[in-house]
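Going by the order they are written in, the chains are A, B, C and D; count residues from 1 in each one.
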Amino acid sequence: MKYEIEIDGENFEIDLTERDGKFIYQFPDGERGEISLKELNKGEFFLKRGSKNYHFYSAKKGNGGEIVISHGNCTYEIKVSDYRSKILKKISGVEENVNKVLAPMPGKIVSVNISEGEEVEKNSVLLVMEAMKMENLIKSPRSGKIKKVYVKGGDSVEAKAILVEFFEE
Amino acid sequence: MKYEIEIDGENFEIDLTERDGKFIYQFPDGERGEISLKELNKGEFFLKRGSKNYHFYSAKKGNGGEIVISHGNCTYEIKVSDYRSKILKKISGVEENVNKVLAPMPGKIVSVNISEGEEVEKNSVLLVMEAMKMENLIKSPRSGKIKKVYVKGGDSVEAKAILVEFFEE
Amino acid sequence: MFKKVLIANRGEIALRIMRAAKELKIPVATIYSDADEEALHVILSPESYNIGGTTPAESYLNIEKIIETAKKAGADAIHPGYGFLSENGKFAKACEENGITFIGPSPESMEVMGDKLRSREIAKRAGVPIIPGTEKPISSLKEAKEMAKKIGYPIMLKASAGGGGRGMRLVFKEEDLKSSFESAKREAGGAFGDDRIYIEKYLEEPHHIEIQIVADKHGNTFHLFERECSVQRRHQKVIEESPSPFIDDRLRLEIATNGIKIAKEVGYFNAGTVEFLVDKYKNFYFLEMNTRLQVEHPVTELVTGKDIVKAQFKIAAGEKLDWKQSEIKQNGHAIEARIYAEDVLNNFNPSPGKIIGLINPSNPGTRIDTGVYQGFTIPIYYDSMIAKLLSYGKTREEAIERMLVALNEYRLAGVKNNIVFHQVVINSEIFRKGIYDTNFLNNYDYKSEIEKIREKNLKNIILSGALIYKNMEKKISFEEKNRKSGSTWKISGKIESIYKNSFRLLY
Amino acid sequence: MFKKVLIANRGEIALRIMRAAKELKIPVATIYSDADEEALHVILSPESYNIGGTTPAESYLNIEKIIETAKKAGADAIHPGYGFLSENGKFAKACEENGITFIGPSPESMEVMGDKLRSREIAKRAGVPIIPGTEKPISSLKEAKEMAKKIGYPIMLKASAGGGGRGMRLVFKEEDLKSSFESAKREAGGAFGDDRIYIEKYLEEPHHIEIQIVADKHGNTFHLFERECSVQRRHQKVIEESPSPFIDDRLRLEIATNGIKIAKEVGYFNAGTVEFLVDKYKNFYFLEMNTRLQVEHPVTELVTGKDIVKAQFKIAAGEKLDWKQSEIKQNGHAIEARIYAEDVLNNFNPSPGKIIGLINPSNPGTRIDTGVYQGFTIPIYYDSMIAKLLSYGKTREEAIERMLVALNEYRLAGVKNNIVFHQVVINSEIFRKGIYDTNFLNNYDYKSEIEKIREKNLKNIILSGALIYKNMEKKISFEEKNRKSGSTWKISGKIESIYKNSFRLLY
C-alpha cells in the first residue's frame, strides 16, 4: 500500500507491503528492503531496516492524527495520508489555523503590543511571552488586521493556545 | 477502614481513612499521620508520609490479587485482606498449592531425581534446574509420596510452573 | 558537621548537593514548589517540604518561607546551590539571624562582589586589570548614549545584579541602544528584582575564562585552575572545558594568581569563581566574581579530583582544608555540555513538556548531572537547563570522542532539546581545534549542519511514520471487528481509545 | 585501523566494546540470539545480525555462524569480549583462517594459558611460585581421593577449562569429595564442553589479587597494577577494588613484576590478567592467566586513566603502545559492585524476568556499565550479571561513600537483585577496614543485616500496600458504576481489566 507522508510540511511517498508477517518497503527511487518495527515500551520503538538498527520514540500530537517522532535527538512532526488516515482526519475534523497565531510553547504573557482592529505588518512583534526565564518575541506571520486578542499581560498559556486572530483576507 | 496486610507471609494491620482528599493512617502501635501516594509512571510510585519520601515500584503478581513491591531494592510480596479484596480473591479462585512444588524461577530442567510413587524425605533433592548458567537444586518442602512429575530433563519451564505433585497427606 | 542541611534549590543542582551531603552523612531535606511536586530532587530526597507557589518569586526566592521551613525541618544549615537566593545577601543575613549556617561566603563579601561596580573597585585595589566601562549604574538612556560614545562601540549592557546572560545585551550601533537598554532593564528587573544596568567595553575575540577558587575560613585560598567558557548562545554558556585550549601554562598561572588576589582582597571563603575576559592579544580583564557554586563546577572536579561541594560543606562547618596548592593539578581534560529543553532551530526557544523517553548515557569517562526522569513534565516556570553531560579523557581529543559517543547514545524524547546541537558544535573543526572565542556561535552555521543530519535520517523517519500508521490501521480494523456496541460509542472517544490503548502513544 | 568490527558477545560488555570502537571511529556490528532480539546491545548498535538460537551453544558459542556473519557484515575484526568464545583457541584460529583479526592474543598463548596445567608449567619456567596441586587432570574419584590426601584438606576442585566459579568446588573433608567431584564435572562439561577437573591446595585466608597486563606486538609489556577480588560468593567475584587494601607498595610491585614475567614467558600480547592467591603470610602463588578482557577491567581504568579496550583495538591493529611503565600510576581508588539478577536471601538463585523500573545512578565519581533497560526482559539463558556499578574517589573512603550513595539511588525493580546485598557488605566494618579475604562472605552474616533493612522498611511497605489496594477499590467502584454491560463480561476478564487499566500494574 502507498503512503503519503508529510514530514515537517514536506511530502514523501513510500510503498509498504506485508508479506509472511514481514514488511517490504519500496521508495520512489527504487530502494527496497525488509523492515520490522517493535514497540519496546509505550511509545518507544525499535526499527530494523535490513541489518541497520534505529531506536526512536513517538507520541501522538493534538487530535488530528499527527505524531511526533524523536529520532537521534531530532524531532519530526508527521502526518500520513492514506485511505484510513483520511477517514481519521475527517472524523476528527481538524481545523487549519491560518488566521490564528498560536503559542509556540507554554508560558506567561509579558506584554501585548497590539490591539483589536489594528493593522500590523508581517514580522512585527505582536506579544512578548516569557517561558523558563527567557523573553520570547511572538512575531506576526503575515500582514493584516487583528480580529481578536485572546490574552492579556500576566496570563499563563498552554502550548498551541490561540493568542491572536486575524480577519480573513 | 482497617486493612489486613500479609507481607512475605506475615500479617499486619493498618487503619486508613480518607479525609478531604488526603489519607490518614494509624498503626496498631498508635502512630498516625498524613500520607499520599502518586503514580509517577505505570507501576512507579511516590509515597509521601509526612515530610518523608519513598520512591518504589509495584507490580501485580499471579492472578490472586497479590502484588510485589520493590522498595529500596528490597522485594516484598503482598496480599491485602479487606472486604473488597476478599471478594476479589473469591472471584479469582486462587488455589493454594500445598501439595505442589513450583519452579522458583524460569529455567531448564537438568535432571529429575525422583519418580512417581516414590517416597521422599524433606529436603531431599527432587530435581536439578539450570538458570543463567547456574545449577539449582530443587529440594522437597516436606516428606511424602510423589503423585505426579510434570517435567523431564531438558524441559524449559516458566517461574511458578508445577514441577512435582505430592499425594495429599 | 551539621545536624541537617536544607537544600534551597531544585533540579540537578539540588541533587548534586544532596549527594555530597549523603557522602558526608549529613541528613538532607529539600523544598519544592507546587510545580515541582513530582520533581526528581523531591523523589530522591529522603525528606522534603512544599513551600507552595509556582513562580520563583513565590517559591524558591521566598526567603521567609524557606527560613521557616528550615526551622520546621530542624536544619542548622542551608545550601542555596546556584541561581535563586545563592547570591542574595539578605538571605544570607536572614540565615545568620536565625542561627542557620548559610553554606556560602560571608554576607559582606557576597554583597560587595555581587555588585558589579563595587567589585570593580575591589579588583582595582587588588591590582587586577578591569575592562573599561561605567563606574556606576546608568540611570537614563541619554547617559547610556554618552557613555557608549565615550568608550566606543561595540558595548555590552549588563544587569548590575545579573548573571547567566539575563539582562545582558550586546550593542553594535547607537540605533539599537534604545530597544536594547529598555529590554535589558525589563529582563533584569524581572529576573533579579533590580533593573540597574551598566555599560562595558566589548573586547576583540574575547575568551571567557574563569578561575575556580576554594577558600576556607582560616585564610587558606586555593585556585583549582581555569575553565574555558567561551561557547555561548544568547550570552549563556553552553559548553565549558578545562584546561582552556587557548592559554598556555604561564598565562594560566598568571590569571589564576590574579583570581586569588581578588578572593583575598575581600577575605573570601567558600567556593567562588573569578571570571575574566581574555582578548585575542591575551590581555586579561577581571569581569566579575560569582560568590557561589557554579553550574560548570564538575569540569573542575573531573580534572582536579577535588569535590567542590563537599569542600563547601567542610568550609562552612569551619574546617581547615588540608590541601596544598602545589598538589592540585589539572589531570586530563574535561568538557561539559549543558542540556537545555529548547528549540535550537527556532531561536533556542524554551520547550517545556513531558519527557516520554529518556536514557542517560553511562559511558566510560562520562558523568551526567540530571534533574529529570522519564515521565516527568518539565515545568514552565524555571530554567530550561535540565541536565549537564560531562566527558573526561586523558587528552582533549579523548574527551571530545567520549562526549560525542555519549551524546549519540543520549535519549531525551518528548521535549525539543539541544543534544544534536552539541553533536554538531563539538564535532566542528573550530571546536576540535580549540580555536573558538565568544563569537563562535554567532558565526558558525550549526543550523545547516543540523539540517544535514535531519536529511540523513529522512528515509528512516518516512519508514517509521508509515509503520506506525500501518499498525494503527490494523488496530482500527481489529477494534471494529470486536466491538459490537460500536454505535453507542462516540467517534471522538473511539479515536481517543485507539490512540491510548492500541497505538500506545502517550499524548 | 579496522574496516568494521563484529562484537561476538552480548550485554554490558558488548556495549563497552561498542563504545570503545565508536571512540576510535571503527564501524561496529553486533550479533544476537533469538532470545536477545530486544537486548540493549542490539538496540544501541548501529548494525546487528541475528544468529538464531537461544542457548549459548546455539548462539554466542556457534563459531561457524559467527564467522559467517562477520563475512556477511564485511567485518575484518572480531572482538570476543569475555566469556563465550573469548578464550577459545579454535575460534581464534577460525578467525585467522578467514582473514579476520581476532582481538585478543595469539591462539598459541591462549591455548597454553587456557589450560591450567600447562600454564603452571609456564609459571615454573618463569620462576613464579605456584600452588601445590595436581600436574594433570584427575580422571577418577579414586585418584582425586589419593591426591587430596597427599596435599591435605581443604582442597579446591577446579575445571581445567574453567573460569568464573563454574565447575569449582571447595572441599573440606573426604565425605564431601564424591558429590562435589561429580557436580563439578557436570557443571564444567555443561559450561565449557570440557569436564576435566584438577585439584589444588586451598590456602589460609587467601586473597585473590590479580595483575592487569597490557602488551603490544612489539614486545612492550606493561602492568596496570593490581585488583583485589577477594569478595566472592559461590566462588564468583562480586566486589573488586584497586588498589588492594591488603598489600603494601613493595609487595604490589613484586607481584606485578611476576605478572609481567608470566606474560613475557608466553610472548603475550593483548590485555590479559595474571591471577595470584596471596595467603595470610603474604606468600603469593600464580593461579592462572585470563587471556582476555576481564569483567572488572573498569576498576583499573578508573585508577590508571588507561582505556584498556581501546588499547586492545590498537594492539590488534599492530600499533605500538606509546606508554611508559613509569608514567602509569594508581591515582585514587576505585570499587566495582557486580549487579546480579538473583535472590540473595535464597542461595543467590538467578532471578530473570522483566525490568519494570530502572534508574541507573549517575553520581559524581560513579560509572555504570549496564546491559539492560526499563521494559527489557532478562533472558534465562545467560549470565545473571546484568550491570557493573563503579565508584571512584581520591581515597578508599571517598570511593566507599560514593558507592553507598549510588547504590542507595539505584532503582532496579521487577527482578530480585543484589543491590541491597552490596549496600550491606560495603558498609560492613570488615569491608570498610579492608581486612577481608576470600572467606569473607562465608562468615559474614549479611542476611541478618538485610533483614534489619527490610524490617526498617516495613511500615512503609504496609502503607504502600494498603494505599495501592485503596486505589484498586476506588477503581472497582468506578468501573461498576460506569459499566452497564457488566453482565456480559466474564468475571476473570473484569479482574484482568481492573489490573491492566486501572491499577496500572505491569504483570
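Here is the rule we use: contacts are C-beta pairs under 8 Å (C-beta built on N, C-alpha and C of every residue); 3 or more make two chains touch, one makes a residue touch a chain.
If you're wondering where the values come from, they're calculated on a predicted model, not measured in any experiment.
Think of each touching pair as a link: the shortest run of links from chain A to chain B has 2 of them. Using the mean of the Cα atoms as each chain's centre, the chain most removed from chain D is A. Annotation: 47 Å between the Cα-based centres of chain A and chain D. Per-chain Cα centroids separate chain C from chain D by 38 Å.
Centroids of chain B and chain D (each the mean of its C-alpha atoms) stand 30 Å apart. Within chain B, contacts with two or more other chains are made by residues 42, 44, 55. Annotation for chain C: residues 44, 373-374, 408 touch two or more other chains. Taken together, the touching pairs give a contact graph of some other shape, not a line, ring, star or complete one. Under the touch rule stated earlier, the contacting chain pairs are A-C, A-D, B-C, B-D, C-D.
Within the complex, the chain A residues that touch chain D are 38, 40-41, 44, 46, 48, 51-53, 55. Contact residues on chain C toward chain D in their complex (touch as defined above): 16, 19-20, 22-25, 44, 298, 301, 305-307, 331-332, 359-360, 362-370, 373-374, 394, 398, 401-402, 405, 408-409, 485. Note for the complex: chain C touches chain B at residues 29, 37-38, 42-49, 73, 373-376. Across the interface of their complex, chain B is touched by residues 56, 166, 183, 186-187, 190-191, 234, 341, 343, 346-353, 356-357, 380-384, 407-408, 410-414, 416-417, 419-420, 423, 450, 453-454, 457-473, 476, 491-492, 495, 499, 503-507 of chain D. Put simply, chain A touches chain C in their complex at residues 1, 3, 5, 7, 12, 14, 16, 18, 23, 25, 27, 31, 35, 37, 39, 42-45, 47, 49, 54-61, 63, 65, 67, 69-76, 78, 80, 82, 84-85, 88, 91-92, 104-108, 110, 130-136, 156, 159.
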